[in-house]
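Pasting a structure below so you can have a look.
Going by the order they are written in, the chains are A, B, C, D and E; count residues from 1 in each one.
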Amino acid sequence: MKAVTNERIKNITLALLASTIGLGLVVGLLNAPRQPGVAEQVLSMQTHLKLEQPVTAVLLAFRGYDTLLEIAVLVMAVIAVLILVPPRKARAAAPITAGPAPSPLMLWLLPRLLPVLVLIAGYLWWAGSSRPGGAFQAGTLVGAAAVIVLLSQQMRPPRLGRIWRAILVLGLLCFLAIGLLGLLWGQAFLQYPDSWAKALIMLIELTLSLSIGLCFMLLVLGVPPRRRDRFPGERS
Amino acid sequence: MSWGGLAPLVILLSSLVPALLIFFLDESRVRLRNGLNLGGAVLKVSVVGVMLWGVYRGWRFQLSWELLPGVSFLLRIDSLSLLFMTLSAVLWLLTTIYAIGYLADRPHNRRFFGFFCLCVAATVGISMAGNLFTLFIFYELLTLSTYPMVVHRGDNASLRAGAVYLAYTLTGSMAVLAGTVWLYALVGPVDFVEQGGILVAAPEQRASLTLILALLIGGFSVKAALVPLHGWLPRAMAAPAPVSALLHAVAVVKAGAFGILRVVYDLYGAELAHQLGVLAVLLAFAAATIVYGSVRALFQTDIKRRLAYSTVSQVSYILLGTALFGSVATVGALVHLVHQGVMKITMFFCAGAVAETLGVHRVDELDGTGPRMPWTMTAFTIAALAMIGLPPFAGFISKWYLGVGALEAGAAWVVGVLLLSSLLNAAYFLPMLYRAWFKAPPAAWPQEATTPGSWEAPPSLVLPPALTAFFSLAFGVLAGTAISPLQWAQFIAALEYAP
Amino acid sequence: MSPALLLPGLILPLVAAPVSFLLGRRALPWLPWLVALMVAGCLCGLAAPLLSEGELFLHLGNWEPPLGLRWRFDGLVWGMIAATTLVCLAVAVYADGYVPNRGRRGRWLGFWPVLFFLWGALNSLFLAGDIFNIYVTLELVSLAAVALVTLDGRPQALAAGMRYLLLALVGSLCYLLGIALLYASFGVLDAALLAERLQPGMTASLAMALLGVGLFLKTALFPVHGWLPAAHGEAPAPASALLSSLVVMGSLYVLLRLWLELFGAVLTPGLRQFVAVLGAAAVLWGSWLAMCQRRLKLVVAYSTVAQLGYPLLMVPLLETSGAAAAWSGGFYLLLSHALAKASMFLVAGVLLHAQGHDRIFQSRGFAGRYPMSVFAFGLAALTLLALPPSGGFIGKWLLLEASFGSGQWWWGLVLLLGGLLAAGYVFRVLVPIFGDAGHRHLEAVPLRMELAALSLAVGSVVLGLVAGAPVRALQAVVLP
Amino acid sequence: MSGLSFALAGAVLFALALHAVFARHHLLRKIIACNVAASGVFMILVGMSSGGSDGRADAVPQALVLTGIVISVSLTAFLLSLLRRLASGGGAARLPEDER
Amino acid sequence: MMGVFDVLLLVVLIAVAVGALHGRRLFSSVVLFIVFGLLMALVWLRLHAPDVALAEAVVGAGISGVLLLDALGRLGKGEDEGGDERAD
């Protein structure tokens, strides 16, 4: 009986605490002195980069270091998941849910769906400079395509060889390389030479997309399989 | 760093370097270890000799290292530091010889001698400290290096003794740290200068200056074993003989007394210190300690515990002299600093030798040890008579000056205390002598160790006490000559009081 | 070499991380040394311009702050990155020998990329001048830290890692909420510009509170310190050395700098006293718990909780006459604590490696067989006890000077009492390991492990000896 | 004005989720609560600054939220993988202190 | 002026969030979380943030949803359905 009461007390105190925080936030938000953000500078400087989409400009150019660290977080998460699942076990990792064999509808749909997915991913990547889109969305689609292929058991999960590891860190290394190489020509760190700015940004976005795609696939795949999962036809 | 700065550095390194080497030396390399030890001690004594000669010729020895903006690590040699340093260096050489003999076949010698050297580095550092900051650094280092020696045996008694020792001394050093920082925050960096560095005592600072003085004296008196804070000393008897000789005669106990001397004379100056009234309290406590220590010693059956309580009372003579206003009392205090060291170390050497060769630990087991070990027991007798304060010996001189100083300072009752404590000294030393010389030896000694050759004990256990006994005699008889500790103390006291 | 070239050199570990992930075993043992030497070279190159100009700035991508990010590099950052480099190099050397010989080479291959990511993230955390950039860096640090905790795969480590990551995530969200409020109210994300625009008010104090709660959670400061002992206790030794010295130092550094520079005006004297009371409570409560532990790693972990309380004591002292001393004292304590704590955990690792467990009262004779490790533990303990020859003493002396000088003497008492309590739990550990081993079998430990622990301990003592110049450089950074 | 109401909704979401993170014991629910809290914070971030220039919203908060979303997904993935390892060893999907 | 649609959207959003957090059965919580992700995409559209809407839909609802479902699938068999006890 005692456990339930102090459980209840704990809940009540937590509820009180959360509501005070919520109330404090609401009041704080209501009378916050609203000063304009950095929107105007973004728009004015953005033309300088020949990029129409302000978000991509902020993400890749003005606050490029944030994005670089964010990719490092993603790669770090994948490495951490791989540490929890030593590579030897990953090879035997079955598709995420070794459910029933793929239905004929799936088999029919797959060859038609994949090219569309890749096309959309390519569009999102290219549109990033002018319309909403960008590396992350394109990368996720690539990841989703890979997961679907694995889900339908048409392809065995990759053995984490050298090429896959290279793709995984390709985005991060490429971003760092472009940022640091600029130093040789007297540029600041992470500064793109004016004439090549758009080209370099698009190159970085491409490598990022590939890396993010592989990262999401490994994150989804990397979730350690249950002991009883067997890849159909896989010798135990 | 001028040539003058080299000497203090050499003295410090002469014990730090051997300490580090010994730590990483293999346990079996006995000869190399002893060589390092003795080499360091001899080098130190010779450099001190050079400095004595140098100071006499008027050279300055100073080494300062800017440790913090505004606070510098300062080693400065002045007459008072030389007094304590000569005492330490000489007695340290003798204790090293004694320890090598005493611990010849014992385990963990590497660890013992490593911390032994660190301990001497700390003591010498305390004597050379030029400001309160440096004094605190070495005061702290002393605590750390003596703790492992107290727990050297590793049995429960010494572990408990070590814990008590740490509790007392670390609390004391926290008090000293608080006083030091407060003084520094209040008055800024102040070095030790004859007649006191704190020149102006603005009225509103007087209250905090009094508190600071109380903190500093309280902190230092933990190591000087003043009555309420003396609990660690008797318990630390669980340590081996050379350690208790080292702790009680030279290093730890004197460091506390020396700290108080520095604070009263070279930081506040005699006049300011007395005006603040803290010294009257110190006087009362010192007197109480003198009597209490002697009384407790009376009832101790174990030899080393009796000597420990006698030390508690003897060190308070120095504090007594400091607490009395007047150059004569100061002379008494300073000269007792040296004499007590020499006398007490002889007694501990003898106690250790007797325990080692005959297994005699209790007072009533002393019967007939005189004829059995003539050299050791004569040294013990000389030291005991000197402690009681009989005329030709060193003890008499310091008690005489303390008495005259007390009269000069108008505290006649102090003379009574001195006489009472001399009586008590006699009461607990004379029975020991009587047993040693006039009683028949027991049928069999508790643990008789046969020593090869004609010596009653290994030479390294007999020579040091003989030498120090000779010193206690010589300091008394030759007090009038130019090079005796008494003249030196008078020279220092003259500097401390404005002409 | 102009600073614009050397500053980016400080985040080389971020480049080394993917390289070590690709090279795997072949990257050992030269990569950590290479990265450490290059970062040290950049630091030395930057020392001269730093002394002449006092503070260096670098606009990333050459964009001015309201738009782009700006790195700030001053004496304090120099010290922090130097300490990080020293600890990371020592841990790298240590880990090379520590790899548990139970043949799980595969899992331990992941240690190296995580170490480099943590190293690079910490360096960019100290450099960062933009509060959102600090958020992303803190995330990377926390993720790397949890990956280190769960490296072993033991159930207790997984549970500790899970609790740590959840609390770190909640902390980051509170921190992000603080950023959202600040950006909405003052429209700029750069710390220096924000300091100019920020006016005390309801929103500013709410943002300060949120930033504070977030960073208190990440640093495991007093009220919310519950997760640290389990996380640092269960992690493998090289990992807990990194966690307890660098990760908590990073978020405490951010907390102090943001609070004192952005919210100097918002922090009323009453609030400053409250923060210092939390610090004092951390010191006393942490030391008390450290005294009750039976395992060496838990003692050292709780001692971290205690030692992190000291820098908070400087918050109320910065308004007084002793501001310069308090500022340099607090950060000097933080720096020397990093070196000393890392060395202590490495020694705990040696103990674990030698006898398979780290229960204090069954470790008799450890000192006899491994004198160098126990000597390192002793030297490192000097900093915790704040005894003279160590950096901890210098830091404590400065804080004492500030507290006594400014009349707020009660913080001085906390400092002194903290030293005594630290003596309590250090000597409680030292006494049993000095016994004689008798017939106990202790495994041989590679020499590089003991040398790594010793070098860090000696570093913390050297910090105490050559304190003149560094402290003066720190005092030059005193806030506007 | 409309941006502010979204921000207020975000504040409510954050409070609800913060309560749930600590109140619910099952780790999967704690992870969901973390994600909901993150979405709440992102809403506040974008909501508070969208009221300004009409038409195109301020690009910087959007970039921040994009970065935030990717980070929270990475952390969620690692949390779930950690949860799987914790639960796969026969243990319950709860923290030690929450065990019944 | 706050459109009726906005108010409705926010109310439903908060209701779905409460359902996801305090739903009795784990599976319903996860499904409601995915719905929450899609609603969030709508919210971003209303806040004139198309990039974020796209990202939220794909990354927030997509990847997180898949991960949660998979984790639930593997957990579900491991121990009793966590949904029914109140204290859970």
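General observations
In this section, a residue touches a chain if its C-beta (ideal position, glycine included) is under 8 Å from a C-beta of that chain, and two chains touch if they have at least 3 such contacts.
Source: prediction; values computed, not measured.
Fewest steps needed to get from subunit B to subunit C, stepping only to touching chains, is 1.
Listed by label, the chains that touch subunit A and also subunit B are C.
Distance from the centre of subunit A peaks at B, each centre being the average of the chain's Cα atoms. Chain pairs A-C and A-E differ in how many C-beta pairs are in contact, and the one with more is A-C. Chain-level centrality, scored on Cα centres against the all-protein Cα centre, points to C. Chain centres here are Cα averages; for subunit A and subunit E they lie 19 Å apart. The mean-CA centres of subunit C and subunit D are about 28 angstrom from one another, to the nearest whole unit.
Measuring from the averaged C-alpha position of subunit D to that of subunit E gives a distance of 11 Å. One finds 78 Å separating the Cα centroids of subunit B and subunit E. Within subunit A, residues 25, 29, 32, 34, 36-38, 42, 55, 63, 66, 70, 73, 76-77, 80, 84, 134, 136, 219-220, 223, 226 each touch two or more of the remaining chains. Subunit E has residues 51, 55, 59, 63, 67, 70-71, 74, 87 in contact with two or more other chains. Contact of a single residue of subunit C with at least two other chains is seen at positions 132, 136, 139, 143, 146-147, 150, 153, 177, 181, 183-184, 187, 189.
Chain pairs that touch, as defined above: A-C, A-D, A-E, B-C, C-D, D-E.
Residues 4, 7, 53, 55-56, 96-97, 124, 132-134, 136-137, 140-141, 143-144, 147, 216, 219-220, 223, 226 of subunit A are the ones touching subunit E in the complex. Those residues of subunit D lying in contact with subunit E across their complex are 1-3, 5-6, 9, 12-13, 16-17, 20, 24-26, 28-29, 31-33, 35-36, 39, 42-43, 46-47, 50, 55-57, 62, 65-66, 69-70, 73, 76-77, 80, 83-84, 87-88, 92-93, 100. The residues of subunit E lying in touch with subunit D in their complex are 1-3, 6-7, 10, 13-14, 17-18, 20-22, 26, 29-30, 33, 36-37, 40, 43-44, 46-49, 51-52, 55-56, 59-60, 63-64, 67-68, 70-72, 74-75, 78-79, 82, 87-88. Chain contact summary for the complex, subunit A toward subunit C: residues 24-25, 27-29, 31-38, 41-42, 45, 61-66, 68-70, 72-73, 75-77, 79-80, 82-84, 86-88, 162, 165-166, 168-169, 172-173, 176, 179-180, 183, 187-192. Residues 4-5, 7-8, 14-15, 17-19, 21-22, 58-63, 66-69, 104, 106-107, 110, 113-114, 117, 120-121, 124, 130, 132-133, 136-137, 139-140, 143-144, 146-147, 150-151, 153, 177, 181, 183-189, 197, 199, 201-203, 206-207 of subunit C touch subunit A in their complex.
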